[in-house]
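Okay, got some structures for you below.
The following pair of complexes shares a single chain, subunit A, combined with subunit B in the former and subunit C in the latter.
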Partner chain A sequence: MISRRRLGGLAATMGVAALARPGILRAQQLAPEQVMQVGFPVADTGTLDPHIAVSNADVPIVQQVYEGLLALPHGALDATQLSPGLAERWESSPDRKVWTFHLRRGVRWHGDFGEFSSADVLFSLERVRGTTLGSPFRGTLANIAKAEADGPLTVRITLQHADVGFPALMVNHQAGYVVCKRAVEQGVNLRSRPIGTGPFRFEAHRARERLTLAAHDAYWGGRPVLRQIVYHFMPDNATRELALRSGDIDLTALPARQDAVDRARAQNQIVDLTDVGNLVTIHINMKKPPFNDVRVRRALAHGIDRQNLSDFFGKDIATPQLSVVSAALGGHTTDIPLYAYDVDRAKALLAEAGHPNGFATEVICSSIDLYLPMMQLMQEQWKKIGFTMNLRVVDHPTYHRLIRQDLSPLVAYSAARYPTVAQPYLDQFFHSAAAIGKPTAITNFSHYGNGMPGIDDLLDKARYSTDAAEQNRLWAEAQRRIATEVAALPLYSVKYALARNRRVDLTFTQKNYVFYGFSRTSRLLRA
Partner chain B sequence: MVVSRLRPILEDKGAMAGLGVILLFCLMALLAPWIAPHDPTTQNVRDAFQGPGARYWFGTDEFGRDVFSRVIHGARPALMIGVFSVVLSVVLGMPLGMLAGFVGGRFDTAVSAVVDVMMSFPSLLLALMVVTLLGSAPSMVVLAIGISHVPVFVRLARSSTLVVRELDFVAASRSFGARTGHILRRHVMPNVIGPTIVMATLGIAGAIREEAGLSFLGLGIQPPAPSWGNLIRDGVNAILHAPTLALLPGLVLTASVLAFNIVGDSVRDMLDPHDIAAAAAKRDRAR
Partner chain C sequence: MRRFLIRRLLSAIVIVWAVATIVFFSMRIIPADPAEVVLGEHASAESLAAFRRQAGLDQPLLAQYWDFISRAVVGDLGQSLVNNAEIAPQIWFVLPYTVVLAFASLGVGILIGIPIGVLAAVRRNSWIDLASRCFALLGFSFPAFYLGVALLLLFSIWLGWFPVMHSIRFGTWAEHLYKLVLPALSLGLIQAAYITRLTRSTMLEELRKDYVRTALAKGLTMRRVLFNHGLRNALVPIVTAIGLYAGSSLGGAILTETVFNRPGLGKLLVGAIAQRDYNLIQAGLIVFALVIVAVNLAIDLSYGFLDPRVKHD
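Moving on to the complex of A and B:
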């Protein structure tokens, strides 16, 4: 017979054991040294200023250091699952034009820069919106009429046009990052010394060798488990692959090729394929002969064998795409003119356009894996229809410089945009204001709408429409016009292939970020 | 007479092997379209990364292109650029060096200063600068490598000229009123040409290596055209799972550079006055 007292004692013991067991188990499983060794697939970072950083060489690091008012889910660029970040809660006026954010108390900046407050938020918004910095995300906040503080812990933002999706811009991504006003005013160069509120703080950077982040122990969400993250700059694919096999690094990016994925899996690595909606497209300069003739552009479209591209990169990596808005983005449609792979039709169109024997053009191409193999495949495909594409291969930074000088009639560009709907992508690639050569230029390499009919009217209507169905209709119409005029040739969407060893426990699912990120709880387990 | 001058080469097994390899590569370059088993640029993605075998002797690359056929066709730019760039260097460098050495004075100082500055840069770096400025068409690669090698020939011709111009027969020619051009052509050049030939033979090896270096860096022969350099670069990307893709073109490149170096050494022996005298003495003793 067990007495009530003894039973109570036994229950308490079992309860403690039950509670303690996961902790003990966790403690047993944790690696003694919590230093994440990252094989970072670039030669070096460019800038760590969150309001300038756009490159894959910078963004994954910025993401660990800075935060926004709201937080995207770890490992996912998903604006439908926002959670509190530097703001504990937020609300809007009934007309969705005034948004109020209530800030978290007691958040510490890295270093000796004190506590985060509404002044930092206002400063950050102005920094992005102003012309001094030249932030590429300036347009994202163009709808803001005014931003004001109501005390140190409240920020009120008034919009020009109602926007139900406005909170999605105030996240830990691009324009939404909050920087430290005091640090900037004291002359800290955020390009090389980032000061944020995130779980990891900048510690050291040795050019072309490594960059180290250390745990921010005063982090508002608790002490991070990882004590350090070391980003080793390793641009060479084979070197990274070998380092991952040997255990010198814990995780890295693989070349976006099926054979690399298969090899990593065969080596018992965990492969994460992340779909960021990255669409590989060839933009056609519609002002340069002979591409100013729509028959030539249609001939190129008929000369594309997307299955061949998909076969090359592999089933896990490349998915053929028919519209310039990737299937991963809201507003995508395939209800557009389609150009089936048809060599004879392409040749006939070229003959009709006055090129019965084909023609040749020099095209500038980046030397990186993302572009050079693809352009060599296209070179071979278009050779069959009579178009000789002579590639001039240059290094990647030179490529970006030259294509922004309008020096290549065809421009291969792989891009995803946030928020994950059609608008920002169409705005940046097909709005006349974004045409190369204009002061407001972004990435409209085709010059579509610039001195010719385009889709400005549709985009301007869709931008602030509160009717989702109407927005979708406008975006679909825009895609139809682009396809009819063949301003660009969508080829395939590409997934990023990431690999990690089994010691790495991210504690979340890596979904659609270009590279691994880490949360406060991410950790290394015993081998 | 010719046979006796060529004797050092004919008796040197290494040099004969080198000549054989050079001849083989020349034939490969000349007959590439007829002897290559496949088109070097035709892709067949489904056959990507095939190992060496009966169908594809050297295997296939990531596009399923036959690497053996690409190596054969790669001999064309290697030899073409190797030879023409050295010819360009000689044509520019030898007259300039002879003139600087013979005329002396400020002209010599100026030429020597420019040459010293150019020689302070590695020739590959110079070639890189030229290609970056002028583009990477094969003619530009010839120009780039040719210019980068000019200082070597200027310096060689100048130093030989400095010795020759003090000799009695040059002084005699001057005293008869011969013009500078005549003296350079008739008396100086025959004495400079020997070392220049030796240096040119060795220079071809260097030029082939540099063309491969430029193509490896993506600044030489542009895709899809094959060159040994871009074949090695493509192979390096797959070095872990298909090492032969880099290894085999690398071996071919090494063999060609080695062959030109060995032959160059032998030509040097052939033209070296000391060796010629020693060989003659040896023959006399044997009689």
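Moving on to the complex of A and C:
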């Protein structure tokens, strides 16, 4: 027996189904409330100014609010697949020194800041290049000789040296973000109130609790499907995992461990493993005894069991790497001297270097999950060859301060650089100008090339070469020299583990980045 | 009484000033500053210098200290060094959450701890006493965050009675109370362990005293002797310990707020320490100190009510 009410419902359902075209049917499957609840794995954001933001606590939010002249594919840091963003099209002079960008008409800034124009682009470029703001991306735009507007919708940028890869810098990433000139001139603090042109606008921020973005309905690409994205600051791994399981949040980041990944999969959640080319490396200070002896450095290299490291973190998380340029970066090669895991050979090298009974050194280590377990494993591995590494564990900000004061002979560092080719990584870690202690210091902890032969000649040639094959040859030679001298010990590349429930339809594949991003079409489906 | 209050107020001012000064200088001894944390690992020396200039961190230390103290005296807590947001509204928003949690957990601790402690003292060496001692031992050795996760697993995941996220969609007072249950239990059960043990030992001491024997000999019921005389006398050291415990209760709220993802002063401060947001840390700890001073003053005043022999001269 079927009730009248149930019969009515059934008839209505059948009617809808009969009338539904595919598009309508898809709309029927949307969740009634398009509010994405995000378990954001940090205590709070730091700064939302796109020209300053570098941390994992800031960048994922900045990406939703701001845009660049060109756009990277959703979810991928792939500079070979750029598409129009705030610029509809772009072209260069035959010598690749002058680049012209034709801007999109009718793009609205969030809030009441009017329409986007070339003045905003020039202002943004100057903001990054100038010294007032102190943008960490200033060096990225060092090749720009001048930038000028040709009317409100055209920008022309002249470079000092030809650069075929210049468009890759004008994207929705770091130095390429465009900020609103009028907002800054009116005194809006972009650190806490971002004003962009992206599909989502800043709505509210409660310190250490949550940050809310709302749909920017005047977005040039169309009205976003998600009405709100709520980032809940949840630094505790266990709470995030339980909240995802209970359905309180829709997506989050997992600890980079195989057990967490397996547990999420067992609970029918979708796990996305993203690769940002993050390479975990131990840099060796080549000036400090006994590490100034190449035999000692080679002994350490022979004492590394990469498979053991990879097994510990899990097959989905860690992949052994042999070169200081990760396999995910353009220009990577393994045609370099390789040091197989060989305890006897390592001991023999140490004995040859005058340490038949081994030696001990204090090494500073960060307390975060990315470094401490790895260094503890290395401690165990190197104990077998006679090297006792006494770890002095400090909190992460302290670690960054101390290693920049050259206080640790071995420095563990996990890093990825953009654009995803070898040059920026090699420049920052192995060019003599980047050596710690110099006014131009960045992250050359090994001091390679600083008062000793290095790879400056190769990097300076490769930087502005317009011949891709020649660039690859130079980068490969640089990797060979680094491996011969053992300036650093590449260990493994690490993937980020993200998890979402099955209601979340990103509408693209999250391939790179440390956290989930959203597009105009991202949506929540009915459970 | 007035002299007592004035004296306590003056000592409170000295305590808060000392806390503010120690925090100010100790934060600056710790390596790394907000510029390094905000600008990240590949910031240039130039970028760092620009940030420090804008935040006033390039000024001499004593000038920074004078600026901080002179603002604090007039109640100006300043702005966050990380995102320039005003600090006062942030603290006033989260403070009630922490105070409510601390008092609710203390309430749980008292409601569970005192009756069990009294019962254990009266039924000394019985199975009740043994169970109460086991409970106290378990409470001492259980880390707060672990208990929090265990409660979440039991009540939120398996039974589905409470949400995991305690910050989502706060609305009515009833909802506030509903979402207070698990955090208050998590913190309160551990406090109950301390209070149980303290109550048991103080009551045992009281029950051995002559006035108890005399009262019983005169024919008073055990219940009357216990609650009208014994417990009342035992309460003075118990309340003192609870007052001292209020400080660690606020400290314990930090872990509980993190595990239950609940807004609060502890959570605010943990994030600020990680970001080296000196201004926010200083302001937060001053408020912490003020709350603890106020609680201890209230405890001191309560002695007069608990024991008429105590006079505040």
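As a working rule, the second predicted complex is superposed on the first by the 507 of 527 C-alpha atoms of A that agree within 3 Å, B and C clash if a C-alpha of one lies under 4 Å from a C-alpha of the other, contacts with A are read in each partner's own complex, and residues count from 1 in each chain.
In this section, contacts are C-beta pairs under 8 Å (C-beta built on N, C-alpha and C of every residue); 3 or more make two chains touch, one makes a residue touch a chain.
Note that the structure is predicted; figures quoted are calculated from it, not measured.
In the superposition on chain A, A:334 makes contact with neither subunit B nor subunit C. More residues of subunit A are in touch with C than with the other of subunit B and subunit C.
In the superposition on chain A, A:367 makes contact with subunit B only, while subunit C stays out of contact range.
Of the two partner chains, neither subunit B nor subunit C is touched by A:509. Of the two partner chains, neither subunit B nor subunit C is touched by A:186. Of the two partner chains, subunit C is the only one that A:442 touches; subunit B does not reach it. Applying the stated contact rule after C-alpha superposition, one finds that A:80 touches neither subunit B nor subunit C.
By the document's definition of touching, neither partner reaches A:93: not subunit B, not subunit C. Shared-chain residue A:400: touches subunit C; no touch with subunit B.
After overlaying the two complexes on the shared chain, residue contacts for A:259 are found with subunit B alone; subunit C is out of touch.
Once both structures are placed on chain A, subunit A residues 238, 242, 394-395 are touched by subunit B and, in the other complex, by subunit C. Of all the residues in subunit C, the ones that touch subunit A in their complex are 30-32, 36-51, 54, 80, 82-85, 90, 93-94, 145, 149, 152-153, 156-157, 160, 163-165, 167-168, 258-261, 263, 267-268, 270-271, 274-276. By the touch rule above, subunit B contacts subunit A in their complex via residues 41-43, 45-46, 48-49, 62-63, 135-136, 218-219, 222-224, 236-241.
Against subunit C, in their complex, subunit A makes its touches with residues 37, 43-48, 52, 54-55, 131-136, 138-139, 189, 191-192, 205-210, 232-236, 238-239, 242-243, 245-246, 248-249, 394-398, 400-402, 415, 428, 439-443.
Residues of subunit A touching subunit B in their complex: 237-238, 241-242, 255, 257, 259, 263, 308, 311-312, 367, 369, 372-373, 376-377, 379-380, 390-395.
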